[in-house]
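Next come two complexes built around subunit A: one with subunit B, the other with subunit C.
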Partner chain A sequence: MYDAILPALGVIFSWPGIAFLVGGTLIGMVFGILPGLGGGQVLALLLPVTFALEPEYAIIMLIGAAGAVPTAGSVAGILLNTPGSAQNVATTFDGYPLARQGRAGYAIGAAATSSLLGALVGAAVLITILPLGRQIVLSFSYPEYFMITVMGLCLIALLGEGSMWKGVMSAGLGLMLAFVGADPIEGLVRYDLGTDYLYDGIKLVPVMIGLFAISEALALLLDKKAVAGERIEFGMSGVWRGSLAVFQNFGTFLRGSILGTLIGIIPGVGGAVANLIAYGQAKATAKDKSSFGKGDIRGVIAPESANNAKDGGALVPTLIFGIPGSLDMAILIGALMVFGITPGPRLMLDSPDIIMVLIGTLVFGNVLAGVILLGWAPYLARVTSLRSTTVAPVILVLGLLGSYATYGNFGDMIVALVFGLVGYFFHAYGFSRVALIIALVLGGLIEKNFYQSMLVFGIEGSLTRPITLGLLLATIAMLVYPALRASPGALLSRAARKERIKVSKDEG
Partner chain B sequence: MKVRHVVTLLVAALSAAMLAGAFEYAGTAAFGFPFAVSGIVLVMALALLVADLRADRADRADRAAEPASGAASGDPVPEQERDRPVDWAGLATIYAFLAGFLVVAHFVSYLVAVPAFLFLFGVLFCKERWVPSAVLAASVGLAVFVIFDQFLPSF
Partner chain C sequence: MDIRLDSLKTSVTGGVAGLTLALGVAAGTAGAADFPEAGSTITIVIPNSPGGSTDTTARLFADALSKALPNEPNVVVQNRTGGNGMIALNDVMRADPDGYTLGILEATTVVLPPVLEGRDYDPLEIEWIAQINNPLYLAVASKASGLTSIDQMAGTGETFVQASTGGRLDGSTLGARMTGMAMGFGVNPIPHDGASEALLAVIRGDVDWMQGTFPTIYAQIDDVVPLFTYTSERIPNLPDVPSVAELGHADLLKLNGLQLVLGTTPGTPDEVMAVLNAASEAAFMDESFREGMVEANQNAEWLDASETRELIQAKIDLFGAARDELLKE
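Let's look at the complex of A and B:
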């Protein structure tokens, strides 16, 4: 299989392969930046265009576009608190506070570099484990999926946004919203209020756009301020410092990338979970976590490396079993089948050249997207200096169109507006928008995988599976470790304070 | 009752409605996660509401006793969460414009709604000058036309 690497590079870098790579990447970046539009839409758009092409060039264009989406999705999240897609949600937690401090270039530099390098790690892991992918995919079942979602939900305890009480309430509200629609076991439709719209549940994209984009636009309009204050870094120096920060926090980057790849391998979990869990682990393992949520660059590096690395992982079940782990991968499988390429165990034996073109495009498409983003970062950062009366109306319009574009349903625009108000008041009164969105992402997965685990394995059978047990212990460690790590420092500072009081009394 | 109390009350009302709604469904569909989660959120919201109202009452009593001393120490409600002023008129006006946008987008076309909203909102609400508002409306309208109308099949 590895013999096919050089011929694949030849296809990608020869004419017209390079043109399709650049074209696909640029189109993917446009879709990534626009809120609500993502990999699914860009692949659906390009699919008919690629029918007339040779299979290799079609794959280059499709993968180039899909790979660029998460990289570009960080831009709107950092500049305007408007994540381009669900897989960029966690990037906003620290990216937007950095933009408000006038350091958007720094954040974009870190996001572009960690995205680029994250994709490289994902591809490297993919190439390494592809021969073992079958065993890895088969070792995951419902109990493992359940534990991963529980791990994601436990992040809420680590976020520390506002009061913990309100954070848990917000998460509960997110779970309640996730339960609207068809029950995953019995298929009974719940809480649909008699409307067809709620039959499939409350959709993530309009809620996300409402909570983050529209509520932020409302705040900008009512406060009448620009995104950033008076001190804004416009030059390339901030961008380079952002790139350098990735290497200075290489452990955070590497853990995020590996987590992203592993989560990508598991079908159906997806980039939104990958970037949230990567953010949570970055915070949990940080020595000083007080700056998270206020503009900590590690809060940008971890989720951005994870959401690009997950693409490499997602190709494992797609190529080995023909199981699409996401909408993007489902469309990709459809495209491959149009060209007579059937993903499955035979693909590695029959068409190693196609697999290598695919992996090579993923790598170089991400490199190209990262380099373009680094070059544009100083100009993009200027958006934060524009007056709110210029930026906010555009956010409102693009947010509403983006929420409609995802599913083509007019009701989604109304949902986005309702959650715009919810987000505005939640932010104003200390409730956690982040906890709500995490719970909404994970709620359906938790419920479905819990019942399926119980039906298939039972409690004992679920908990005695080695990976489930490992994930359970990792979750407990993630929750307990920060407290254990903080306690010596806290004890010391308390002791030092007592000592100071004693000394001042003695001196007095 | 202040706005933050109303927000908590709305969360409580929603969870109460979902808890009551759970009785309409049989089996795991409702008497599993939805029942448990909405019950917990209802209890938490009511507890928060009661604690918040009591803290406010204690705060008022303290202020009445010591008008110059400011907020009472040991107040459980953080300063940043207290009684932020809400520009209701501004909020209502923005939503009126957005409702207009939805109506035009639904019954006419979003290609008309986008530039019309940006121009009228810029001039009437944001008090921007006509020319920059018209340029912004035209350029965003054109970009939206190219991306959504020419490229995206779902529109």
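Let's look at the complex of A and C:
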């Protein structure tokens, strides 16, 4: 398989391969920057075009475009609190505060560099484990999927935005929203208010755009201030410092990339979860957490490395089993099948050249996107100095267009507007928008995986699986460890006090 | 002269109505005569996202249809996902009946809502044009289940865990349950998001069996045990695997499978339908369409307008007859 590497590079870097790489990457970046438009849309748009091409060039264009989306998606998240796609939600947690401090260039520099390097880690892992990928994919079943989603939900506790009870209430609302629509078991429709629109449930993209982008536009209009305050860093120096920060926090970067790759490998979990889990672990493992959420560069590095690394991981089930880990991969499989290339165990034997073109494009497309973004960063950062009365209407229009463009459904715009108001009041009264969005992402997955686990394995069968048990213990440790480390004395004395109360009750 | 006012009113209204009708027919005929107009756009609505077999079929067919129609209009595919196919179906049902909005829909998905949920529409009202794709459908067992042939399931009355590709009331799940009823075994469906996740569960050995399309399953055929195919004869790729007709259940052919049917808005004028029917048949015979379908592992299988109606009617009858049994529990 590996001797196909050099010919593959020849295809990518000779004419017209290189033109398709550059073209695909640029188109992917535009889709990434625009909120609501992402990998699914750019691939759907390019798919009919590629039918006329040779399979290699079609793959170069499609993968180049899909790979550039998460890199460019960080831009709007950092500058305008408007994540370009669900894969970039976590980037806004610290990226936008950095932009407000006038350090947008620094944040974009870090995002571009960690995206670029994250993709390299993902591709390296992909090449290394492809021969073992089968075992890895098959060792994850319903109980493992369930525990991963539970772990994701428990991250809400670690994010620790303001009051714990408000966090729990926000997550509860998110879970309730996740249960709208056809249930995954019977297919019976719940809480649809008699409309076809709610049949598929509350969709993630319009809620995300509403909560983050539209609410921010409202806040900007009411504040009448620019995104950033007085001090704004212009020029390349901030951008380079951002790049450098990735190397200074190399542990955060590497953990984010590896987590991203692993989550990518597991079909059905996907990019929306990868960036959140990577952010959560970066915060959980940091010695000093106080600056997270207020503009900590590690909060940009972790999710951005994870969301690009996950593409490498997602190719494992896609190539080995023809099972897509995401919508992007599903469309890619469709494109391959049109060319008569069927992903599956035989693909590695029959067409190693195609696999190597794919991996090579993933690597070089991401490098290209990262470098372009670094070059653009100083200009993009200027957006934060514009007056809010100029920026807010643009965010509103882009946000509403983005929510409409994803599925071409008018109802999505209404949802975005409603959640714009919800987001505004959540922010004003200290409720957690992040907790709501995490619960909305994971609610449906938790429900489905729980049902499948119980039906096939039962409680005992699920918990005696080693990976499930390991994930359960890791989740408990993740929840308990910070409390123990913060104040072992306080916790012990609280426990002792509880014990005393219990004893006195028993006596009474 | 004694003219009664209300009779005068009636005759005037009648005259106006007659005139309107005449004008309407004239306009209709004029519109239908130049259907489709030069430079116009015909939209094919599909209920699936880009990339899957419906999307591939629709895009290949759109190109061929554009060439086959007079004046070569643009034919575009619009992915209207969601609502378990209802959003795309509504687009077709509620469009102007002028032939400019077509739908490539999955036959079972169109039939089930009125039959099972009492939704208020008649699947036979749609102006059916043709069936253009009937992907080969087959049942496979997991290696871990120890099953090697359908004889170990049929007639046993035992219940087998099935990796279903949707919820319990999804068309594919119901098809599998009716197969179980007909062959004499129980089906315990575990829902999955689509056929590829279900197939992975079969390969892992977490479930006993599943049914799905040939393009999805064939690449992994070495990791599963083929039980039977939903065909009237054995297929060349799997010469040792019995067909469902051979097993004595030819009726199940009409129930299972993902037949893709082409139709348009109820009330579309006959002249327009004639143009669409002829052009669709020409598009189906088009070399590039057929080659594309073969390359994409699809099974282009033609049924004309009346045969398509028969297929829809058969599904209504068969699912309708089993309705109470299916909704029980």
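As a convention for this text, the second predicted complex is superposed on the first by the 484 of 508 C-alpha atoms of A that agree within 3 Å, B and C clash if a C-alpha of one lies under 4 Å from a C-alpha of the other, contacts with A are read in each partner's own complex, and residues count from 1 in each chain.
Keep this in mind: a contact is a pair of C-beta atoms (placed from the backbone, for glycine too) under 8 Å apart; a residue touches a chain by one contact, two chains touch by 3 or more.
The structure displayed is predicted, hence computed values, not measured ones.
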{"item": "Clash-or-fit label for the pair subunit B, subunit C on subunit A", "value": "fit"}
{"item": "Partner chain(s) touched by A:190 [first = subunit B, second = subunit C, both, neither]", "value": "first"}
{"item": "Touched partner set for A:330, first subunit B, second subunit C, both or neither", "value": "second"}
{"item": "Touched partner set for A:51, first subunit B, second subunit C, both or neither", "value": "second"}
{"item": "Partner chain in contact with A:296 - subunit B first, subunit C second, else both or neither", "value": "neither"}
{"item": "Contacts of A:144 with subunit B and subunit C, given as first, second, both or neither", "value": "neither"}
{"item": "Partner chain in contact with A:408 - subunit B first, subunit C second, else both or neither", "value": "both"}
{"item": "First (subunit B), second (subunit C), both or neither touched by A:446", "value": "first"}
{"item": "Partner chain(s) touched by A:216 [first = subunit B, second = subunit C, both, neither]", "value": "neither"}
{"item": "Nearest-approach distance, in Å, of subunit C Cα atoms to those of subunit B in the combined model", "value": "6"}
{"item": "Shared subunit A surface residues [contacts with subunit B and with subunit C]", "value": "44, 183, 185-186, 188, 408, 451"}
{"item": "For the subunit C and subunit A complex, residues of the former touching the latter", "value": "49-52, 55-56, 59, 78-84, 86-87, 90, 161, 166-170, 188, 190-193, 196-197, 199-201, 203-204, 206-207, 215-216, 218-220, 222-223, 292, 295-297"}
{"item": "Subunit A-touching residues of subunit B, taken from the complex the two chains share", "value": "3-4, 7, 11, 14-15, 18, 21, 25-30, 32-34, 37-38, 40-41, 44-45, 48, 78, 80-81, 84, 86-87, 90-91, 94-95, 98, 101-102, 105-106, 110, 114, 117-118, 121-122, 125-128, 132, 136, 140, 144, 147-148, 151-155"}
{"item": "Complex contact set, residues of subunit A against subunit C", "value": "40, 43-44, 47-48, 51, 137-138, 141-142, 182-188, 196-197, 199-200, 267-268, 317, 321-324, 327, 330-335, 337-340, 342-347, 407-409, 448, 451-452, 455-457"}
{"item": "Contacting residues of subunit A [partner subunit B, same complex]", "value": "30, 34, 37, 41, 44-45, 162-163, 165-166, 168-169, 172-173, 175-176, 179, 183, 185-186, 188, 190-191, 218, 221-222, 389-390, 393-394, 396-398, 400-401, 404-405, 408, 410, 413-414, 417, 421, 424-426, 428-431, 443, 446-447, 450-451"}
